[in-house]
Amino acid sequence: MKICIINPNTTAAFTTRLLKSASAIAVPGTEVIAVQPATGAASIESHAEEALGALGVMQMVKAGEQAGVDAYVIACFGDTGVHQAREIARGPVIGMTEAALQAASLIAHRFSIVTLPPRTRAHSLRVLHETGLSNRCTVRGVDVPVLELENDVAASGPIMEAEARLAMEQDHAEAIILGCAGLSDLVEPLSQRLGVPVIDGVTVGLKFAEGLVATGLRTSKHSTYNYPPAAFRLPELP
Amino acid sequence: MKICIINPNTTAAFTTRLLKSASAIAVPGTEVIAVQPATGAASIESHAEEALGALGVMQMVKAGEQAGVDAYVIACFGDTGVHQAREIARGPVIGMTEAALQAASLIAHRFSIVTLPPRTRAHSLRVLHETGLSNRCTVRGVDVPVLELENDVAASGPIMEAEARLAMEQDHAEAIILGCAGLSDLVEPLSQRLGVPVIDGVTVGLKFAEGLVATGLRTSKHSTYNYPPAAFRLPELP
Amino acid sequence: MKICIINPNTTAAFTTRLLKSASAIAVPGTEVIAVQPATGAASIESHAEEALGALGVMQMVKAGEQAGVDAYVIACFGDTGVHQAREIARGPVIGMTEAALQAASLIAHRFSIVTLPPRTRAHSLRVLHETGLSNRCTVRGVDVPVLELENDVAASGPIMEAEARLAMEQDHAEAIILGCAGLSDLVEPLSQRLGVPVIDGVTVGLKFAEGLVATGLRTSKHSTYNYPPAAFRLPELP
Amino acid sequence: MKICIINPNTTAAFTTRLLKSASAIAVPGTEVIAVQPATGAASIESHAEEALGALGVMQMVKAGEQAGVDAYVIACFGDTGVHQAREIARGPVIGMTEAALQAASLIAHRFSIVTLPPRTRAHSLRVLHETGLSNRCTVRGVDVPVLELENDVAASGPIMEAEARLAMEQDHAEAIILGCAGLSDLVEPLSQRLGVPVIDGVTVGLKFAEGLVATGLRTSKHSTYNYPPAAFRLPELP
Amino acid sequence: MKICIINPNTTAAFTTRLLKSASAIAVPGTEVIAVQPATGAASIESHAEEALGALGVMQMVKAGEQAGVDAYVIACFGDTGVHQAREIARGPVIGMTEAALQAASLIAHRFSIVTLPPRTRAHSLRVLHETGLSNRCTVRGVDVPVLELENDVAASGPIMEAEARLAMEQDHAEAIILGCAGLSDLVEPLSQRLGVPVIDGVTVGLKFAEGLVATGLRTSKHSTYNYPPAAFRLPELP
Amino acid sequence: MKICIINPNTTAAFTTRLLKSASAIAVPGTEVIAVQPATGAASIESHAEEALGALGVMQMVKAGEQAGVDAYVIACFGDTGVHQAREIARGPVIGMTEAALQAASLIAHRFSIVTLPPRTRAHSLRVLHETGLSNRCTVRGVDVPVLELENDVAASGPIMEAEARLAMEQDHAEAIILGCAGLSDLVEPLSQRLGVPVIDGVTVGLKFAEGLVATGLRTSKHSTYNYPPAAFRLPELP
């Protein structure tokens, strides 16, 4: 089984980190690969950058289909391009946000997303609506630029922890979702300090992808996620 | 006041038609322009084509900002790229779908969208959720390829009318929203035959845009729709 | 085109102020008139006063129909009598609350109403439900008697501003809706001080009314908003 | 204990019938009275007539307060004037629609309203939203003029039964709510024929009113339903 | 008429107290009985204990049916076993939580539940969803062990009052629901101190049960609440 | 890793079948066991039987904890006892219904449950609400007694297929969820005939359970799903 982790931004350091954490928990028979677009946005902190990211996602899924990829995990909070990817792929496509939310709903009654930067709260709320879990989850934003995480994940720990504690006290959160890809190194220390499950959507998404492939489930090609019309052509990005 | 109608697909015939219908109802002081991307999709009937369209919309808004455009109307059902456009624009950006839904809610208790092709029902439902009118509106799809409308709008009249009648009988619709840009020629004959208001979102969107500009309202730059981060660069499409 | 601003309360000073602000932004071809009932309530701060106001609204629409009015704007937060007015009128009837909410949804992701007095929060919530925007808008009340605004709008500025700042900080509001008619003089100074759009529903409602009339849209007479039964007689209020 | 059944329309035959059915099930210590306005609408089949009815309801509650009434039941489907009445009354005010919906929710998982005429579906949906039971109840309209029921309730039996059967088959209804006051004579025969509970909101409302009074519960005067402002004056209807 | 108050836990002191408060407000013709299971949980503060309680509820309803009981009130916040009881009973079954919520909705626009211990907030939210009143009610938990209430109800008064005041200030509550059975002695002092209605669901539930029986309404046996399949056998608990 | 499939009913043939289908797709390192209660209900087709099933589920989880089980899958549509099990277990507990719904939401825009018998539609709707996917899924019931499936799964194929086709045509379903445990043999033939994914929640649930365990996620013991109070004692069923 071949599963592809798609980093929709162009920052290679994130891709490397994603591959490492995902590979560590894949089952022996799973080949995990991780890719990123050559052009686009260095991080995705706005709708405009999401549009660039979606283009990259489509190109990487197109390549993945030719390479025999069985399922994809989109490793960007907000699940950039997930609907486009489902149209192009035969197999399942899982966004890290929806995977994290679904996992949270299985182990906690209420939970919170701590995302960054604050202007992207709307992106989380969009996925939250699509998953239907709006009445069990709150969204909180912290003021950390995504690219600062490139070299120093640990530095964001205290600010994430402080906001998570507010979520537990004010929103009755019983689990915390890390609202950014590439933070899996925070899972262990934060869950220890908070005393509640802390969820990284990329690793969960990988395991759910393995599960869907194992059960033979693929993206439905009936209506919404059918392949794009024959006239559709993906542009080459410069 | 300068208002720009953005056709997110590459079909010039639609753009021409949109300009004509919008210009016909603009107030004397309004300069209406209509644009389309040079590359992208000939019609937008999938999420994949929406992603291409969003890229074109961003480029046209960027150009519009340099040309002093005061407001934009996105003339594609599903409001392709509307959130991206709001980040780039200073003035208001109005999607034809949300404009049609808002107008419908002001003149009818319940209403229906008749859109095409059926696989795009999910796109209408997405906007319907964002406008909040899900409990007053149903979405129906008819099996007409968008590009067939390029030369012969009238041909779609009977199938649109038949579906609209079902909406009135089964969904209690009291007004009908045309779920595609460029169908404004159907408004008059269909409303005559059906006996209920028939709504074209592009012309309504133009008037709402004029209204917002007249009252001095611009896109809020606080948080969600702030300008994209400084590092953001729009690619040139080939 | 003739558009009638209806002030459902009996305070003439409000009517004068509404006419002034609405006239200032109407297009040259629009004749704006503003009316108020001879009897009823001096201000509308309870459901009981709303019922009196609705009676006045019906009488003014009845008179307006005979005078060839093309559309109506109801200038009372809570949209007193809007459903009754739609039954009596041929053309569109727009409540200032729904107009403000729709405008806000076009320029901001989240927004808040600051209304007065606090007991009328339920009235705002009623319209909020009807527009469907409950999950994007909060309602806050300030303790200012409506009639104190008759002579001194500016005095309410600081208390409105303070509550609006709370809405921005606690509710993530990106735009503010003024929850009372006759406060259009606050739009400019408050939006300057807050740095976000501040919305007066009366002026927006006027422009939306112009827009609906221009596109030929009238109130649907199919089912809900059909004319009242033949036996219906409006009483003369003493 | 004194409970007042308020018929918001001017048709005395309905009032007599309501008094009879309510008196029949009141407990010995309860004095039931039934009133109607001298002027207003002969039946309430539109929002415009609801506004007239609300005025009458306020006047009758005002009189009731002076006569020591402990609670009120509003006997018109749509609960005309219920919010106004709560502001004027000290004791509880119960609408027949909300009472019927609450009773239905206690004895069935899903249920349907069969109301008349069809244009008033919106009135039922308004109350349905306020009670929160929208996802357990559907609303169906039958084409019977209210006043035809004045002399011949039985004539509406077959059309009500036919629609109720559709509700059971298509909407999974397990109980039926009669969507008009004065139909209590249909309860017994229809429930026999349908095999499911058939609910008349007036009799249920009377019993709930007795119950609230017995437990000492009165309308909360904190905020929303506080007494109208001191300046409020009820007009004398001609 | 015979009405049975079911205490789903094994603490006899609660049962005695429930019988006393319910008997005090029953009408002369009503015989009130109160029962409790011989085995199960001493208090119900978890889902696990709810499951034990449901078993006891079923056994007590089975016995009640043989003893000619006309209706049941489940006297545990969370309405333990209410759906099971409806399947076994012919007459109505009313949970104290749903009764309290319905009563609150008839006398206040917004209200709050103050329940205990905090981990049971999810139980209240479950019933809140079923009644549909989620958007009018908040749920607050206080840290009082249920069994401490056995001998000293008054001791919980101050902590309940403090939380109720927060509900009034922060959640706009206009009435307070006591989120535990057996607290009816708090109704009078708390409503005096708070100035808003304070609601005990058991006494309200008794009155609603009397009302449903008086109007002839029984649990619908069509579909959801039909009697359990013939093979169903209730175990004897040791 | 040890995962326990819990069949809440007493029919051994189902347990055997569940073990076979789950074992077939588990990864090499996973030990799958399947258990059933010694007493309870032969099938779960009512709330009353669900209560018996919940008791059995608790006992099996208690035993599982002592045997070192890492996660549980509840193999009964409606997810009998899932909340109780989460309180008793350290590791994750997954209901087959929620697993199926989550999987469906990852591969299709809209989907339908086909469950049996029809009276259990309410059970599916309960889980549907908890997962939040009500607006993307419909529930349809077919009239097949569960126990008839014990020996002849294939016999239910045609009736399931017929109802699934209605779901595709009328509800726009793009995937079908089998609303009963033990039907995994229908997945392959039905998906072939229908042309859309057909989902068995037990096998998906097993894979999700493996995934959660692999990522180190356990049931949150903060608040709602904390262990039951110390006084809690599980009864021995006779």
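Letters A, B, C, D, E and F name the chains as they come in the text, with residue numbers starting at 1 for each one.
Operating definition for what follows: a contact is a pair of C-beta atoms (placed from the backbone, for glycine too) under 8 Å apart; a residue touches a chain by one contact, two chains touch by 3 or more.
Given the structure is predicted, the values throughout are model-derived calculations rather than measurements.
Participant: Select the interface copy of E-F from among B-C, A-B or B-D: the correct pair shares over half of its contact pairs, counted by residue number.
Facilitator: Copy of the E-F interface among the listed pairs: A-B.
Participant: Report the inter-centroid distance (CA atoms only) between chain C and chain E in whole Å.
Facilitator: Those two chain centres are 43 Å apart.
Participant: Give, as an integer number of Å, the spacing between the C-alpha centres of chain E and chain D.
Facilitator: Going by mean C-alpha positions, chain D sits 27 Å from chain E.
Participant: Residues touching two or more other chains, restricted to chain C: which are they?
Facilitator: Where chain C meets two or more other chains at a single residue, that happens at 86, 109-110, 121-122, 134-135, 172, 223-224.
Participant: Would you identify the shape of the chain contact graph, picking one of line, ring, star, complete or other?
Facilitator: Graph shape, chains as nodes and touching pairs as edges: none of the named types, so other.
Participant: Where do chains touch, given as pairs?
Facilitator: Those chain pairs satisfying the definition are A-B, A-C, A-E, A-F, B-C, B-D, B-F, C-D, C-E, D-E, D-F, E-F.
Participant: In the complex of these two chains, what residues of chain A are touching chain B?
Facilitator: Against chain B, the touching part of chain A is residues 39-43, 45-52, 54-55, 58, 81, 83-84, 86-88, 118-119, 121-122, 129, 223-224, 226, 228-229, 231-232, 234-238.
Participant: Which of the residues in chain C end up touching chain A in this complex?
Facilitator: Chain C reaches chain A through residues 109-110, 135, 172.
Participant: Which chain B residues qualify as touching chain C in the complex?
Facilitator: On the chain B side, the touching residues are 25, 27-29, 86, 92-94, 98, 102-103, 105-110, 130-136, 168, 172, 174-175, 187-188, 195-197, 199-200, 203-204, 207-208, 210-212, 214-220, 222-225.
Participant: What residues of chain B sit close enough to touch chain F in their complex?
Facilitator: Per the stated touch rule, the residues are 121-122, 134.
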